[in-house]
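Both of the next two complexes hold chain A, though its partner changes from chain B to chain C.
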Partner chain A sequence: MDAVLYSIPYLLDGLGITILVSLIVVALSLIIGVILGVGIIYGPLPLRLLIRLIGDGIRGIPILVLIFLVYYGMPALGLNLSSFWSAVTALTIFKSAHVIEYVRGAVLSIPRGQMEAGMSIGLVFRERLRFVIFPQAVRRFLPPWLNGVTDAVKGSALVSLLGVVDLMHAINQVIGRTYEPLPLYILGALLYFAINYSLSTLSKVLERRYSYIRE
Partner chain B sequence: MSATSLLQIDKLNKSFGENQVLTSVDLNVVAGEVVTIIGPSGSGKTTLLRCVNFLETYDGGSIQIDGREVGFTDSVSRKRRGEADLAGMRAETGMVFQSFNLFPHLTAEQNIMLGLRRVRKKPHKEAREIAQHWLARVGLDHKADSLPSELSGGQQQRVGIARAVAMDPKVLLLDEITSALDPELVNEVLDVVRQLAVEGMTMLVVTHEIAFARDASHRIVFMADGSGRE
Partner chain C sequence: MGYQLSFTQIWANFDKLSGGLLLSLELALISIAIGALIGLVLAIWYVSAGRIGRTLISAYVEFIRNVPLLLLVYLVFYGLPTAVNIAYSAPVSFVATLSLYAGAYLVEVFRSGLDAVPKGLMDAGKAMGLTPWQRLIYVRLPTMTRITLPALSNTFISLFKDTSIASVIAVPELTYGAQWINNKTFRIVEVYAVTTVLYVVTGYVILFGLRLLERRFRVER
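Entry: the complex of A and B
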């Protein structure tokens, strides 16, 4: 019990980093994924193929490999990123590839006539997306995306392998000092669970909120 | 060929791959005229209509509304109009679809207001008044706040018509607008169209309702195998 009490300030610091990493990754991957997702649906053929190729490639690589690839590969390209930003970059690339697929699935589920109705009243492409397609697609997008957000939180534990002191790394550091792995891992698991359980609860609330369109 | 043609289609060609759908179609519609296109399925009626507001690109020939080429900057260079320009041209034609294509996340009133707000740049209040005016005209003023899923097919299609005419288009295109309706709902929709015809709305109508074509339109064009005869 002493070990647990002793660990708390360290774990909270680590938890802060875990949340920070997750937030950055989720926000960046959302922006990149939505842009590329629109590109893969409406872009010219070469662009569609390119996004498809890169997306499929990334989703076919284990996230751990991707993290090391970025960490060791970026300096070779002349980019020296800290281990924090290497980890964030790798996770963002990985998540973006998934967001592309969520966007694609959600947007393609909207009947073609919706785009045409938007065209026929004279909306430009951007307006058709904003006022016609996205408001309808968001309902299909949210469940897999929020699922992906919890994956991002869990996946962020891998940044500890680059020496970033996130929740996972903080747990290991405390264990290194106290030699009491079990209670600390249980505590860590509970913290991860607390975050992800709140997220999945939020996801249920949002799904209900967006369920106004009946089919 | 009349100089006062509002809609002028010349030698229009369109094919989907190997399949030639429209072969040198000519059609002129003057302002206030209602022209009905009938013909067997697959004769290119709907494709012709969709070319008029450039939901389909055409391969050859020309479509002009009020003297302006529809999808291209001119029929000779066939340079496609830019997105904003194209949207502006499309707003000149109103389209009512067979499957309604109302926006399911918006109420009846909001469906009509979207184009008025974003394309016609009307202030909210004015857009709302126009929407209410047209909802009343199609007999649905009490359904302004209903979502499309809360309306019957006939009601949805009447909102579809209101959405198109509220934009004050030069030509209204009706694409088999009663084909997806139960028979008892057909008349409430056609009554609205008849009334618009009486008021002088220029319309190009694709329909299977022969009786309607006979008594509501000025001219009937019969299409077969991608070309038209009057």
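Entry: the complex of A and C
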């Protein structure tokens, strides 16, 4: 019990880094994923094939291997990133590939007639996306995307393997000093659970709330 | 002057990678087998369970699904032996963890699969005079298996990728093989490039095979 009390300030510091990593990854992957997602639906054929190829490739790599690949591979390309930013880069690449799929699923679920209706009232492509497609697609996009956010939080635990002191690494450091692994791992698990369970519950609530949209 | 790529050291130690790949597949296969068993038993129990049973199953599912696999691996390998008096090796510990992890995902898969079995089929079984157990074994489970096949193959692919986490407790699978070669030869970019290709190619070969299998057993609706 002493070990648990002793660990709390360290774990809170780590938790801050875990949340920071997750937030950056989620925000960047949302932007990149949505742009590429629109590209894979409406882009010219070569672009669509390129995004599909790269996206599928990335989703086939274990996230741990991708993190190592970016961390060790970037310097060879002449880019020296800190371990924090390597980890963030790798997780962002990985998450973006997933966001592309959420966007694709959400947009393709909107009936074709909506796009045609937008065209017939004289909206240009950007306006059609902004005023017709996106407001409807976002309801289909949010629940799976929120579930994906929990994956990002879980994936962020892997940054500990590059020496970034996130929650996972903070737990291991405290265990290194107190030699009490079980209570600390359980405490850590509960912290991760608290974050992710609230996110996945929110996802379920949104899904139920939007389930009336069934054309 | 840039970094000079050289793959000779990688091919010289390729047995670490090929052996690691086989072990990764083995870990994923054993875990999905045990995980499917856990998932199936709990899914069948869930359908008939009371409130307490359902709460317990949901607690297990939600706990496992909302905690990073890395932490679960540490918890089982480093944490658990301090509380219970059993000794187990790293591979056994990892398989146990990954099976529990797979089980939590498969409970949901099987539960919705059981729900998706058309009611008419069960009624037909009843009309033929099958007992509840016979209906489960001869009607419900075979139909459910065919419905859940695509979800099962996706789970298997993601378990195969998750086996890379076994490297943190020194199970000599593919990622560990890559780290081993790196420690020996310092050819880190090359070894991770080859490892990545191995994961992606193996993953897609398996996926392609499983998709053929799914087509063969698809349920016509």
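One rule holds for everything that comes next: the second predicted complex is superposed on the first by the 203 of 215 C-alpha atoms of A that agree within 3 Å, B and C clash if a C-alpha of one lies under 4 Å from a C-alpha of the other, contacts with A are read in each partner's own complex, and residues count from 1 in each chain.
Assume contacts are C-beta pairs under 8 Å (C-beta built on N, C-alpha and C of every residue); 3 or more make two chains touch, one makes a residue touch a chain.
All values derive from a computational prediction rather than experimental measurement.
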- Task: Considering only touches as defined above, state whether A:N172 meets chain B (first), chain C (second), both or neither.
- Result: second
- Task: May I ask you to decide whether A:P135 touches chain B, chain C, both, or neither, giving the answer as first, second, both or neither?
- Result: first
- Message: After the superposition on A, what does A:L158 contact: first (chain B), second (chain C), both or neither?
- Response: second
- Message: Touch test for A:I61: chain B only (first), chain C only (second), both, or neither?
- Response: second
- Message: Between chain C and chain B, which one touches more residues of chain A when both complexes sit on the common chain A?
- Response: C
- Message: For A:L123, using the defined touch cut-off, is the partner it touches chain B, chain C, both, or neither? Pick first, second, both or neither.
- Response: first
- Task: Please indicate which partner A:Q114 is in contact with in the superposed arrangement: first for chain B, second for chain C, both, or neither.
- Result: first
- Of all residues in chain A, those that touch chain B in their complex: 111, 113-114, 116-117, 119-125, 127, 131-132, 135-136, 212-215
- Can you name the residues of chain B that touch chain A in the complex? 53-55, 83-84, 87-88, 90-91, 93-95, 97, 99, 101-105, 114-115, 118-119, 147, 149, 163-164, 167
- Task: Provide the residue numbers of chain A that touch chain C in the complex, in ascending order.
- Result: 56-57, 60-66, 68-69, 72-73, 75-76, 78, 150, 153-158, 160-161, 168, 171-172, 175, 180-182, 184-186, 188-189, 192-193, 196-197, 200
- Residues of chain C defined as touching chain A within the complex: 2-3, 62-63, 65-72, 74-75, 78-80, 82-83, 161-165, 167-168, 175, 178, 182, 188-189, 192-193, 195-196, 199-200, 203-204
